[in-house]
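This is the structure I have questions about; it appears just below.
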Amino acid sequence: MLTDNNMRALLVGRFQPFHNGHLNLVEKILEKSDSIIIVIGSAQHSYTLENPFTAGERLEMISAVLKESVHKDFYIVPVEDVDSNSIWVSHIETLVPKFDVIFTNNPLVRTLFLDKGYKVESTSLHDRSDLSGTNIRKKMLKGEHWEQLVPVQISKYIKQIGGVKRIAMIAKSDKATL
Amino acid sequence: MLTDNNMRALLVGRFQPFHNGHLNLVEKILEKSDSIIIVIGSAQHSYTLENPFTAGERLEMISAVLKESVHKDFYIVPVEDVDSNSIWVSHIETLVPKFDVIFTNNPLVRTLFLDKGYKVESTSLHDRSDLSGTNIRKKMLKGEHWEQLVPVQISKYIKQIGGVKRIAMIAKSDKATL
Amino acid sequence: MLTDNNMRALLVGRFQPFHNGHLNLVEKILEKSDSIIIVIGSAQHSYTLENPFTAGERLEMISAVLKESVHKDFYIVPVEDVDSNSIWVSHIETLVPKFDVIFTNNPLVRTLFLDKGYKVESTSLHDRSDLSGTNIRKKMLKGEHWEQLVPVQISKYIKQIGGVKRIAMIAKSDKATL
Amino acid sequence: MLTDNNMRALLVGRFQPFHNGHLNLVEKILEKSDSIIIVIGSAQHSYTLENPFTAGERLEMISAVLKESVHKDFYIVPVEDVDSNSIWVSHIETLVPKFDVIFTNNPLVRTLFLDKGYKVESTSLHDRSDLSGTNIRKKMLKGEHWEQLVPVQISKYIKQIGGVKRIAMIAKSDKATL
Amino acid sequence: MLTDNNMRALLVGRFQPFHNGHLNLVEKILEKSDSIIIVIGSAQHSYTLENPFTAGERLEMISAVLKESVHKDFYIVPVEDVDSNSIWVSHIETLVPKFDVIFTNNPLVRTLFLDKGYKVESTSLHDRSDLSGTNIRKKMLKGEHWEQLVPVQISKYIKQIGGVKRIAMIAKSDKATL
Amino acid sequence: MLTDNNMRALLVGRFQPFHNGHLNLVEKILEKSDSIIIVIGSAQHSYTLENPFTAGERLEMISAVLKESVHKDFYIVPVEDVDSNSIWVSHIETLVPKFDVIFTNNPLVRTLFLDKGYKVESTSLHDRSDLSGTNIRKKMLKGEHWEQLVPVQISKYIKQIGGVKRIAMIAKSDKATL
């Protein structure tokens, strides 16, 4: 679809936060592709336990990592959720540059893209359960070490914006009052 | 409200999927009414465990059943959810033909329609707990027999579109990644 | 895509109101197709000069016509607008039964469906400029004869609900106050 | 509907800004009613030529006037627009206290409330064409005197927030860039 | 920000229902402020177990209490939720009069307003766990005494609209059918 | 706000399409700033006369230009419109990296950002009226030369996706049918 036999890959995540598993995955994808689009999903959410960081903060953090780690073209695009899974692929297509292949281990994402005629490849993440956003946010909340699980630009940025304190504050909040 | 003393009934459900209990109910309603409107609720949802089928698929399935089973007029109308229960009746009124009576056993639906001046009748479903969408989706997921709980047109259609496989795939998916 | 070599057509319009040109078109489409889906667009609009009738009223009117005029399967589905043209086809796909071919003379609709891989056919409406919703609503407003431009079930229904008076009242209204 | 034979009236407007015609109308309504609900329509709009003031500013201004001019109970409620005229009455009902009668000269508003079974009364505004929000905003834009057309609390407030300068700035703006 | 050294406070809650703890808080705030804005949050929700009363009902109830208990200016403004916490403060600012200080014990609300440069004060509610909306709704559902936990105008109003019966009915409802 | 005395600028536009005036402006801004955020406004619109290109296409086009023309960091972020001007700045803040200064000649944009405490600078575009999206789209529609008004990467991309033909097709379409 792209000119000159270029291959462009798509990767979707919430990146709360972007961690070493994500970076490793991006590097593997770029061994097989010429460029990558990183979709920051649930872009409208922030200041919640599941989604502590704004889309803008996630964009800035991931960009800081990739500028130093990656030597091919990358696009980082915040995308808000849509209510309907069946129009989700179309929503993505509207907001990002054209792409050729999707990398995902999620069976639903796989199906939704396959149904639209896309090529979908699996991601061979070594199953390190500590490398997940959920685990990292949990460690932040418990005051445990999390810094070694993310690229150095990420931990630096999160400290700079007071991210750990923010998560603690959200956890203490009575959500009902909002 | 309708001309010529015609009586038109309204029935609301998500129909994930439409099963023998629903069909039995439609037949009983049409003994007392001249026509029926079937509202397919939560029309915007699909490809989730609670709502595996799109509104279009549900419309097509239910239509296939009623064309063969029912000899009175029926309307099948997909309706998306609204955020606010208190405007829900008004939302329904806008999207469907005029109606005279609502059949429901749901106390909230009963109250919302009674408050707008509608006649509401109870549905005398024999309490067969296996005849529920939740139970049927659970059986599909476990690989148990579910086909005998739905009209034959429904089981045929679900097989044709790979519906059981779809539910399995949704169950395996890490929802967070979406 | 449909079983048994059945061909299903899609026709999109606002049908404010459904007129003889629409009926003629439906009949022509059904000469070449086994069934038809009629999408009632802009379903959320009503009580405006452009869209005087609710989706429910339009559904009821069109259904009254087709039940007497057409002897093949038809589906009538109200569909609310979406903000984004580029996800519009996907939105339609979610809400209606599967279809094989789209009939339209609208170049944009043609392109949007062609881009998704659909077969699109032109509609050979004899160019009778009086057969348009705009013209019919204008005649209603001026107190001129419009009844001969629509099927008899339509004119009967519009009279029954006081449709002409409604349009006059909308025209007199100061929209700004709403 | 209200206890003790109290009569509560509803008045809807955008109040951009609230002027002497509005105040006069409120006073007349309160001669016949025990309390009044003032709905600030199009509450989501502001910083446009049609709607320069935010809902909060409008609420604060109108409140300042009524506290000094009116000696019966009043409620001022900002209400965002809904897409669909046919659910508009239901939307209002959800957001304001119960009411008995609507005062309006707008034929559409009249019809929408009559259709829901409400009592609707006309407003006998002496037809002073200079007493309209449109006219007042036009005078502000041209640098003409407008202060005598609004209650003194309104002109004072608008000056305090730099309202005339805001309208000038909106007029100069290339809307397309937003 | 306000003229004449007036101090205006903001208080946010869902008030399902407004109880003696809320009233006590309002009175304490008004010892330190000249006026108060009460934001009725989640205004779009009603007829659910968490949010049984409409925004209009809540507005009417709270107004009935404050008119008799409070002798300073108050504003009561229904505000619908927004999807995004990070734009929530801006959403509030648009819909209510200008304010100087926020009273809250919620750490997230505190942070969101602090980040926008507002002054935030803690509320020194004596920790009476029975004075919570959740507890009161639970008592209503169990048929226990709840009347003594709310101002007399509130209990009278809730009885008048059949509020306890409404909550019972919602509890019995099969939510899935909606 | 950014570390190490870095200055980051924000530029907002619809870029339908990005032209030589835009590029010139970006270059001037980057003489005074260390990095730039380009917000693609009205991201949800496409396939209309005002907004022919999708946000994804615009992102891809602008990226192609800046990668070759600019040697400082840039971020390109699609942002959907919000209904309310008064929350627009907050919406932008949520979706993009932190920034220090806004470049705009639009008085409204200037005011909205100034009111939130931002530094706003004027853009000294030489007033070439032919360098506007409106003019370029008009030339495309008339079959006139437009290629010299945009960077070469833009004209190449627009030709590749059939952009001129798309605009012609939109112009021919009867919008009402959608």
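Each chain gets a letter, A, B, C, D, E and F, in the order it is written, and its residues are counted from 1.
FYI, contacts are C-beta pairs under 8 Å (C-beta built on N, C-alpha and C of every residue); 3 or more make two chains touch, one makes a residue touch a chain.
This structure is a prediction, so every number in the text was calculated from the model and none was measured.
**Q** What chains, if any, are shared contacts of subunit A and subunit D?
**A** B, C, E, F
**Q** What is the minimum number of touch steps required to go from subunit E to subunit F?
**A** So the least number of steps between the two chains is 1.
**Q** Taking each chain's centre as the mean of its C-alpha atoms, which one ends up farthest from the centre of subunit E?
**A** Relative to subunit E, the chain with the farthest C-alpha centre is C.
**Q** Does B-C or A-B have the larger number of C-beta pairs in contact?
**A** Answer to which pair has more contacts is B-C.
**Q** Between subunit A and subunit E, tell me the centre distance in angstrom, where each centre is the average of that chain's C-alpha atoms.
**A** Distance between chain centres: 37 Å.
**Q** Just how far, in Å, is the C-alpha centre of subunit E from the one of subunit C?
**A** Here the centre of subunit E sits 46 Å away from the centre of subunit C.
**Q** Taking each residue of subunit F in turn, which ones touch at least two of the other chains?
**A** 44, 46, 54, 84, 86, 93-94
**Q** Each pair of chains that touch: what are they?
**A** Pairs satisfying the touch definition: A-B, A-C, A-E, A-F, B-C, B-D, B-E, C-D, C-F, D-E, D-F, E-F.
**Q** Could you pull out which subunit B residues touch subunit A in their complex?
**A** 44-48, 54, 166, 169-170, 172-178
**Q** Contact residues on subunit F for subunit A in the complex?
**A** 3, 43-44, 46, 54-57, 59-60, 63, 67, 73, 75-78, 80, 93-98, 160
**Q** Touching subunit D in the complex: which residues of subunit F?
**A** Listed in rising order, the residues are 12-14, 41, 50, 81, 83-86, 88, 104-112, 133-134.
**Q** Mind listing the subunit B positions that touch subunit D in their complex?
**A** Residues 84, 86-87, 89-91, 93-94, 117.
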